[in-house]
Amino acid sequence: MDDLYRELIIDRYKNPHHRGVLEPNDISFEDDNPLCGDHIRIDLRLDEAGRVSEASFDGHGCAISQASADLLVESVLGKTLDEVRLLSKEDILDMLGIELGPVRLKCALLSLKVLKAGAYGLGEASDDLVE
Amino acid sequence: MDDLYRELIIDRYKNPHHRGVLEPNDISFEDDNPLCGDHIRIDLRLDEAGRVSEASFDGHGCAISQASADLLVESVLGKTLDEVRLLSKEDILDMLGIELGPVRLKCALLSLKVLKAGAYGLGEASDDLVE
Amino acid sequence: MPMANNVNGFDVARIRADFPVLARQIRPGVPLVYLDSTATSQKPRAVIETMDEFYRKSNANIHRGIHTLAEEATAGYEGARRRVAQFINAPSARQVIFTRNTTESINLVAFTWGRANLNAGDIVILTEMEHHSNLVPWQMLAEERGLRLEFIPVREDGLLDMDAYRELLELEPCLVSFTHMSNVLGTINPAREMIALAHQAGALALVDGAQSVPHFPVDVQELDADFLAFSAHKMCGPSGIGVLYGRKELLEDMPPFLGGGDMIKRVYLRSFAPNEIPHKFEAGTPAIAEAVGLGAAIDYLESVGMQAIAQHEHEIVAYALERLEEIPGVRVFGPSAEHKGGVASFTLQGVHPHDISQILDSFGVAIRAGHHCAMPLHEKFGLPATARASFYLYNTREEIDRLVEAIYQVKEIFG
Amino acid sequence: MPMANNVNGFDVARIRADFPVLARQIRPGVPLVYLDSTATSQKPRAVIETMDEFYRKSNANIHRGIHTLAEEATAGYEGARRRVAQFINAPSARQVIFTRNTTESINLVAFTWGRANLNAGDIVILTEMEHHSNLVPWQMLAEERGLRLEFIPVREDGLLDMDAYRELLELEPCLVSFTHMSNVLGTINPAREMIALAHQAGALALVDGAQSVPHFPVDVQELDADFLAFSAHKMCGPSGIGVLYGRKELLEDMPPFLGGGDMIKRVYLRSFAPNEIPHKFEAGTPAIAEAVGLGAAIDYLESVGMQAIAQHEHEIVAYALERLEEIPGVRVFGPSAEHKGGVASFTLQGVHPHDISQILDSFGVAIRAGHHCAMPLHEKFGLPATARASFYLYNTREEIDRLVEAIYQVKEIFG
């Protein structure tokens, strides 16, 4: 079977570890992929040292977008916002462990785009964040 | 040498038989070929029976546009306006005795377009007249 | 045409051999099953080779050059225009304008005819099943001019609500602009009747023919359409070229669209006089090789026969609906086969359409997943996305079987 | 590159072998001498074959499909965008918008940036040597908005009057839009200096690069251009695709151009949200195979080297001017070779340029005759038309000799 659908992805899609919303939160951002309607919201809470103490995602979409969001949110726990801002496309691809063409890449990177727009405190998310 | 430049065309271009303007006239019309700037004016005088008694052309342009105009103007002498209106692309090509591609055709047909616009009393010439 | 391999004499095997890409394997041993012709069609060898030959032999800029290549290129480009006119039975080739695609054709009407004729409070009627290409230009114009947009509702069964349409016509709209065939539901709308009703109500009618012209015979005079828009790339032709047909008086009265070379009769430093139709609407160097390619595509389609193509697609879609509806968890959208063209949009419970498409791809089956540029229609059905298999002259029943098998695999993986 | 046959190591024979059309005979025994590259260039085998291959292997619609073909087609299209960005040294590929041609690129700026930013009384500066593509869009906008157009005069020697330009800048224009190289006179304008002056005066600068980008190295950052427009078909690429480069902040602030698929982020029945750049400006299915072809054309041009191409053309045009000026009755327009690119426009006393072109064609020599879409410039020189020979990387000194011989034949026929 296609290694795109590695067990990890199907597993995280069906049984996400970090799905939910945090209210109140310190940072919350949401956006969608206009090409397919996938939607992701990410909420973060920070501790006194400014590190991510709690993180969650919510939304709907394909297995790749949802599993990426779950893995991404997990990876930011304990990080400072500056560290979060440094996350790149490669970090997401490493977590997923797969190769993606340009269209599916947008699915995988939606959560990163949302996370970084939140971490930078932007009004709008932009593709520049994940290039 | 290219038979396009049959002696007839070069000859009529250099020594036109009917170049000039008629003032006053019964019908006068002018137009140009936007693709190349060729310009043709045709003046007609009619006799009492409504037949063309005098005809002339004026303008500037390539040998084909000017020679066609000269030949065309000559051919309408003695014709009624109804007969003039029936003149077609083929009549011009017969007079010139050559084959023309779509671009040069416009040069050859400019005088016909002008003549027919005049004969129909139109405000503006249209490619429909020579199709 | 004398043909074998099929009860109706439609020789799919022979047709498939005309399309080089259909021989492709997606992975070693996994042949391509191309079920995405609604997005864009594949190209027969004749079209590819005609363009190739144009570049190798006759390439030149058109209309203004006198040398042999320029005359040949002009003859090729203008010959393609006549070919298109014949194909849709336009009264004159001068009513055929070359654009980039259906989208530009519709924008051209909105921003020339629309800007010249529509004012605050004027009504344009669209439908809920329109492609974004037949929504956004009107929204832009509505915003600029204060127009009112009204929508013919789509019923649960995927057909337009014709009673509602009749009521909307009482508002005395200026224009009704609708798709001849939905690219999501496959619904073939009763264009002739809709246009007649529009005309009775004093409105003009624009037909989005992106999905009709490639798939069944379309005759602008029989339809009595005021405007018809379509794209070459969906009808075996190249990308980069589309068509707008318009009624002559309308085209002649419309102001120009873009400004530049070829669309002018005369230019001064501070003003210009526009050229005659169709040139008035074609600014700058057009898609020359692409027009020639479109002409070759029409030759190809007519050599097979538009009626035969429509019949073949009808059989394929009927078979597809039958097989898809057998699969537990699959829901197919749109009307029954008799009212539709070669499109089957569906969902599979618990699996996002993107994932369906991705896994199908690993079996060589190319379908499309998303909103198919029809977000409002998806919203109406409460879905962010659907999976869509779509068919053309080169598709076979065996390919439907491959699709169905692959969907069972998806169920297993996500099971 | 190691090359032979030429003092500078520029191997014209090898380059000619890359262009299939150059082997053509116009009549048996009469080989083509193609001297009309300013109208459109010929295409090397690599470009023709790349597009051919695209249609045979990877053809699909882009951006929205997930299957292998769609991913390949999207990668090809977006890869071409990055290739263009590198070629003109754009900071980001997102600043490269695919259009149909230079004409559409300029119209896009006029009707988005222009409509959003220019109002009654605002001034746009153009030049007297502009192609209709850089006149008519501004005339249309001027008429709609009440703008004032001013023109930098062309001097008798074919150069722009820079003193007059400096004076015009005191009017505080909003935009200066000018051609980098004249398609009639061949004049290469001092773009960098002109842009710097425009910026000092608070104006933006649009460069019409239709004749510069194909012929010598153009670097948007070095020029500091706000917009740059050019066409693929003039630079060894296919018809049907052009480019608009723009400064990022400008593009981001501009309203969309045409409405439809792909240029949107979200669509409701009565409103939409536009997509990010560059997609915001690309409505509907774009010229996909053509973008891929443009990418191949850039690869080809860079394999030869833009500096080497410029140098070669410079030598050819200098030789052409020398030979043409020898012919009694011939008058050549434009500046001396040092200020110009590969264009030689001329007249021959007593013979209309159309007739020159027609007779030259019978000797296989393809030149262009007419106003070359620059009527105001011709009016200024008091001519309805000129004959124009233009050169590219594949032209040779022997071809200039053929041109000159054929002109002597014209003189004989009309003598």
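Lettered A, B, C and D in written order, each chain numbered from 1.
We take it that contacts are C-beta pairs under 8 Å (C-beta built on N, C-alpha and C of every residue); 3 or more make two chains touch, one makes a residue touch a chain.
A quick note: this is a predicted structure, and the numbers were derived from the prediction, not measured.
Counting hops only between chains that touch, chain A reaches chain B in a minimum of 2. The chain with its Cα centre farthest from the Cα centre of chain A is B. Distance from the chain B centre to the chain D centre is 37 Å, each centre being the mean of its Cα atoms. One finds 31 Å separating the Cα centroids of chain C and chain D. Distance between chain centres (mean CA atoms), chain A to chain D: 44 Å.
Across the assembly, chain A contributes residues 35-36, 104 that each touch 2 or more other chains. Within chain C, residues 64-66, 68, 70, 264, 266, 354, 358, 361, 369-370, 375 each touch two or more of the remaining chains. Touching pairs of chains, sorted by label, consist of A-C, A-D, B-C, B-D, C-D. Here chain D touches chain A in the complex through residues 63-66, 68, 70-72, 74-75, 78, 94, 264-266, 275-276, going by the rule given at the top. For chain D in complex with chain B, the residues that touch the partner chain are 352-355, 358-359, 361-362, 369-371, 375, 378, 384-385, 409, 413-414. Chain contact summary for the complex, chain A toward chain C: residues 1-2, 4-5, 10, 14, 35-39, 60-65, 104, 107. Chain D makes touch with chain C in their complex at residues 20-21, 24, 26, 32, 34, 36, 39-40, 42-43, 47-48, 51-52, 55-61, 64-70, 100-104, 106-107, 110, 128, 131-133, 135-140, 142-143, 149, 151, 231, 233, 238-242, 256, 258-264, 266-272, 283-290, 354, 357-358, 360-361, 365-370, 372-373, 375-376, 379.
Residues of chain A that touch chain D in their complex: 32, 34-36, 101-104, 126-128.
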